[in-house]
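The same chain A turns up in both complexes below, where it pairs with chain B and then with chain C.
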Partner chain A sequence: MVDANTKKTLQNIPLLQTRASPRDKDLWVQRLKEEYQALIKYVQNNKASDSDWFRLESNKEGTRWFGKCWYIHNLLKYEFDVEFDIPVTYPATAPEIALPELDGKTAKMYRGGKICLTDHFKPLWARNVPKFGIAHAMALGLAPWMAVEIPDLIDKGIIEYKEKGTQ
Partner chain B sequence: MANAEDIQRQIEDLQNKLDSLKKNARQKIDQMSSEVKDTNPYSRLMALQRMGIVNEYERIRSKSVAVVGVGGVGSVTADMLTRCGIGKLILFDYDKVELANMNRLFFTPDQAGLSKVDAAAKTLTFINPDVNILTNNYNITTVESFNHFLDAIRTGGIVEDQPVDLVLSCVDNFEARMAINAACNELNINWFESGVSENAVSGHIQFIKPGELACFACAPPLVVAENIDEKTLKREGVCAASLPTTMGIVAGMLVQNTLKYLLNFGTVSNYLGYNALIDFFPKMDLRPNPQCDDSYCRQRQIEYQAKPKEEKEVEKEEVKEIVHEDNEWGIELVSEDDNLPVSSSTQQAPGSGLKLAFERPVDSEQTTASNAVTDDVSLEELMAQMKSI
Partner chain C sequence: MNQDWDEIKRLAADFQKAQLSSTLARLSERNCVEVVSLLLEKGLIELVFTTDGKEYLTHDQLRKEIEDELLVNGRINLVEVSKILSVDLQKIQPIAEQIAAEDNKTTYILGQLLSYDYIIRIASEINERLNQNGEINISELTGAYDLPSDFLLHEVVEKNLGRIIFGKQDSSNPRLFYTPAFISRCRAKIRGALNGITRPIAVSAIISQIGMPERIFFSLTNDVSATGTMTSRSTGAIYIPHIYTKTQVEWVKSFFRQNGYLEYDSVTALGVGDTKSFIQKHLSGEKLTFLNKCVVGQRIIDQIESTLEESISTSSFLDISTILPSAISEEDIEKLIQVVLTPSKQRLTQIFSNLIVTTKYIDNLLKPVYDIADINAKNSVESGAYQKYIAEKTIKKDVDMDESVSKGGDKREERRKKAAGGKAGGGAQGRETKTKSTKKHQRGGKGKDFDDSESEEETQNITSKKKSTKDTQLTLINANDIKKEIKVTLENDGLEDLASEIANYYQMQINKYAHNKAQELYEISLQNSMQNRKQNHGALQDKLNNLLNDIRLYEKGLKMFSSVDVQIQLAKYLLKTLGTEFANEVAYYVALESDLNFASSLTPQLTNEQRNRIAVECEPTYKQTLTALNKSLNLSVEEFLIAAENMLVPCSMIAKKIDKKKDKQIILTHKQGLLDQLYKSTEPSIILHVACLVIFTIATQSMLHASGKFVLTILEFLGNGYLSDEDYSLLMKFHELVLKHFKSDSEETRNEINSKLDEIIPKAKDMAANYKKIGKANEKEE
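Showing the complex of A and B:
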């Protein structure tokens, strides 16, 4: 699934070095800094290439992440809340990214709106521990999921365009 | 509109139903009795002693087991242990009962919407009030809940502040298995992993004794990322198949080995697989990986190696040399593979007849300018920068 475009995106996201989970006090702070730097670089790249598509922030401990992501389809912008926890076994296991408002609307989702990453993302993640971080999970996990699912959900009339400010 | 009389009648009706339910529930029993009576719920279990299978079956009352995941396998597992009269059962799950679960055993449609642990605890207490059942309704993979989980199994024994005797993993995802693995390696608690495949026609149980047997992180799934375009991603949906049969069989294998382990009878299987299509039950031992990513696993391995091993009684087979009465042509059998070269990787031989298929490359690539560099900036600055983009 890694096409030329994704490859280029991927190459421009800094790799992480520290293998640490939220339980590893000081090392986790180090990892968290790397996570933020990679994310900032990725968002800056997106903005520069006019493909900005998400914002994320975390709680103070960096264990819970939340924000918005959006998808442009036929010139309309569809925006969703995105959230996930950093699992205790991170980075051996990837974060389970969730779009809660789509829970129950597509079969490619687990309970609570966690998107299905099994086929297209988890093998990649597993081979790149600990170098991949949240930015990579967004680029290789959520982005392709949305590219496949959102147009389909729109076509089926399951999600509808909302005017700005009506949410 | 209902008038007062109707309501009165309804209350009486409900009261009667409630009374009959209470009447049906049995009282607690202090001592397991082996008396053969229709009213003794333990007579058939105690008969295991008379049959010479188990010594002192009643020891089961001094055992505490944690069941993580109360779904298709976990609920049946908890049911079986409850009926066997286990002393204490600690249940973990964060899901609710759904009608889509009704192709499995145990839960009933009227329980839809209830949390799985509460629904299970209610049924189980009704079946056997002697079992001390604790429920935990949270996702063990999150940081906060994981600490509760650690505490619960570290202090969940029958005796206060002692760990549970065994943890049974009946979860349906990789993240939760890795979390149980991390907890049990850290606390040095033995556990069984169990699983049923997504296509519902195979399953397995795996015994994990930290340091002695392979942990769940010792042999990560052999993942191969394929070069396929995202457009060709499978679209049928993620709904996994399941059968009550396969789940029942796997739960049976799991509890059978739990009983053997807790009550010291028979041989506990270290790994037992089940292929439903051809009824094949492979069995094997999995040794730990000295390069396991889990540091507690490596530590347990060192501890295990330092421990004196129990001498296993090896039954000596007396090989009698076959001597034929006459052999006038001097014919003898010569083994052909005596002189074959032996695999050179004997460094850490995984077992007789086995060799390592993969040596982990040394992590050397700590280079390249594309790595995230984190000097000179504080986390707060980075968080603020991210927010202000």
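Showing the complex of A and C:
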């Protein structure tokens, strides 16, 4: 199950209404608007709770998303690139979030740095089509993955802290 | 469409803006926690954590909050404070102590903080309660306020006594407080209760009746001037009103005054526990006699005594129960009798249950009975029953003695002591002792051994009598006889119920009396027979001696005859007559001495067979000699004499020694006897016979024992030198006449002869009497 914190976070993200993929011209616009609104709200929430953890931006059509995400462990901030595409069967299919930097460093990852999501994610998502959007995918998919994997990887010494200046 | 895309662009820009806008200038909770913990670590601040760990308080804040709580409630429990403020109790406790220490109006006790206001409040509450109940106990308050009693007492009640709490502290129990109104109410109740009581009542009953705690009751009863006393100061006590005691005493006094006695039961029924001392106390002026069930005054005793004296003086009887109140029990009557009967009076009276009978009365009553006893005793002695009884007892004694001897000397000594005691004892035994002494005197001549054994037997009889009265006592008179005898007299006096009692009581005594009587009679008869026997023995001894002597002398006489034939015949005759007599006497004596069962049927004249039978059956001491004696009768005189002398020894007789002088004397007396006979007798044959014997005796200076048969032989012997011819022819003529006289048939010839004899007899008599030893002189001359 999703932990209490995640649940609370999810509840604070507005749900979406439009069922549309990038192929559905007008409806996609409508959907994209809702996506943005949800994302804005989510980011605002994060900032309010002092748990802001990513930066995202998209191409013009809103089909490809990229940015950075970070995790703070022992008062140190570890930062990674994040990217994903909106699949054509969206929103029935969840976007496959990838952390290319960590490709090959952990078992919980598909080729190309796509993270392995938990067993709960997919049925949860399927139940909530079309209400869940990108913001939900981030909160429900990437955030728990990072909370589990990153401290483990740091402990194993697979990833190391890089001074801000270097990035 | 474009418009939409513009909007998208704008949203994307907004999104970027939102993302890029710096985060708020405030610390997140996480950071705050970290910062505070860092500060605490460095000791820069001092804080108190709440129990959930989400909040911090400064010490001042905590103290302030505790004080606030105290202000609101007046009394707070630190545990509750810790819950309300979610601060650990350990943190609160020192602060609470601090508060109490700094502020003297606040009290810290048992983990609770109390404000001054609170104390004032409970003090007024207590006052209210006190006014309501009239009485209050600190221990009750402890329960009600959940505060320690010492605190309540010293800090709350005592401090406010007279200011807020108006009451009185109990002097004996400082934890008790009363209102004066309550006290006086209780006192009034107690006074009422106690005054109303007229009989003893358990204090517990009084207390439950007036509904008052017992300690108040007990502390107040002293103040109340009660008209009674309490047995103790505990719940088990009994309150006894004076009026009750007074009525008791009055009842006891008046009852006693009226009736002269007082039953314990009735006094106990009044509720008096220790009746005796009670009576003694309240009737102290009286002379009291305490009995088992009642107490009797001097009046009743005087009455009994006077009646008793009267009955003694008139030798009648007195039934005490008739003059006593019916309430007095039998047992007490007996006791009373004991009191009344002084030893001097006791001697004069006999008690049968309630009846005091004077001894004089009884003596009169029993007089005929004693007569019967006398008769019975006599009868028993005469019939031999008593002797049998004595004999049986003696046999028993012998057995006892054998046993005791085999057991050893100790017992014998014991018995001797007992015997001595028996002798010393008064009454009947005294009499016996006396008889014994006389007996001894009478038997002085006897052998000492014999006497001793006899006396021993005697004492044993006494002891055995004492010892075995119950088992072997011969009943000479039984209770029924006595009863029958006295019943008539008693019936006249209306006392027939007592007949058997008196009979049983006196049976022993009378029986004993009868025994003594019997003993007496028996002893008298015994003495008589003993005396007889002794005399007999002596006489017999003399007689036997005389006989023997005679025989010896006669034997000498018969030796005068020259003819052996005559000698043998004379000897035979001698043995047949005198020898047989001797043997008969001895045999008879032996038969008596040996207690042969047929002895009583014998007479001194015995046949030969009887003698032999005695010889066979007599006691072994006599047997041999007696048998020899019997045999010797058929032998010669010498042998007989030896046998006879032997015979005397076992008969404890002494054969007198042959004394020549005495022999002469005997011969002289014999001659005198013969002369007397000669003068007296008128029968011619006897005269002739005696005359011959006299002449023979004088002539030979020896005695002759011969029958008439031998007259001729004697005459012939005398004629041969002892008689003058004249005398001889006279005697021969006399002899012829006598013979003729015997042989004569007709009356005539007899008369003729008689006349001739009459002539010749005086001559012959004279001749015999005047005969002097001519022959001898002649012989001498010759």
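We take it that the second predicted complex is superposed on the first by the 165 of 167 C-alpha atoms of A that agree within 3 Å, B and C clash if a C-alpha of one lies under 4 Å from a C-alpha of the other, contacts with A are read in each partner's own complex, and residues count from 1 in each chain.
The criterion applied here is as follows: a residue touches a chain if its C-beta (ideal position, glycine included) is under 8 Å from a C-beta of that chain, and two chains touch if they have at least 3 such contacts.
Keep in mind that this is a model prediction, so the values were computed, not measured.
On the shared subunit chain A, the superposed partners chain B and chain C overlap sterically.
When the two complexes are overlaid, the chain among chain B and chain C that reaches more residues of chain A is B.
In the superposed pair of complexes, A:Ile40 makes contact with chain B and with chain C alike.
Within the superposed three-chain model, A:Leu32 lies in touch with chain B and with chain C [touch as defined at top]. When the shared chain is aligned, chain B comes close enough to touch A:Val148, but chain C does not. In the superposed model, A:Ala48 makes contact with chain C only, not with chain B. Once the two complexes are laid over each other on the shared chain, residue contacts for A:Lys162 go to neither chain B nor chain C.
Of the two partner chains placed around the shared chain by superposition, chain B and chain C are both touched by A:Ser58. After the shared chain A is superposed, the part of chain C among 5-13, 239-247 or 761-769 that runs into chain B is 5-13, by C-alpha clashes.
Shared contact residues of chain A, touching chain B in one structure and chain C in the other: 29-30, 32-33, 36-37, 39-40, 43-44, 47, 55-58, 62.
Contact residues on chain A toward chain B in their complex (touch as defined above): 1-3, 6, 11, 14-17, 22-23, 29-30, 32-34, 36-41, 43-44, 47, 55-58, 61-63, 85-89, 92-93, 96, 106-111, 116, 118-120, 122-124, 126-127, 129, 144, 147-148, 152.
For chain B in complex with chain A, the residues that touch the partner chain are 95, 141-144, 146, 173-175, 178-179, 181-182, 217, 220-221, 223-231, 233-239, 293, 366, 368, 370-374, 377, 379, 382-383, 385-387, 389.
Of all the residues in chain A, the ones that touch chain C in their complex are 26, 29-30, 32-33, 36-37, 39-40, 43-44, 47-52, 55-58, 62. Chain contact summary for the complex, chain C toward chain A: residues 1, 4-5, 7-8, 11-12, 14-16, 18-21, 23-24, 27-28, 30-31.
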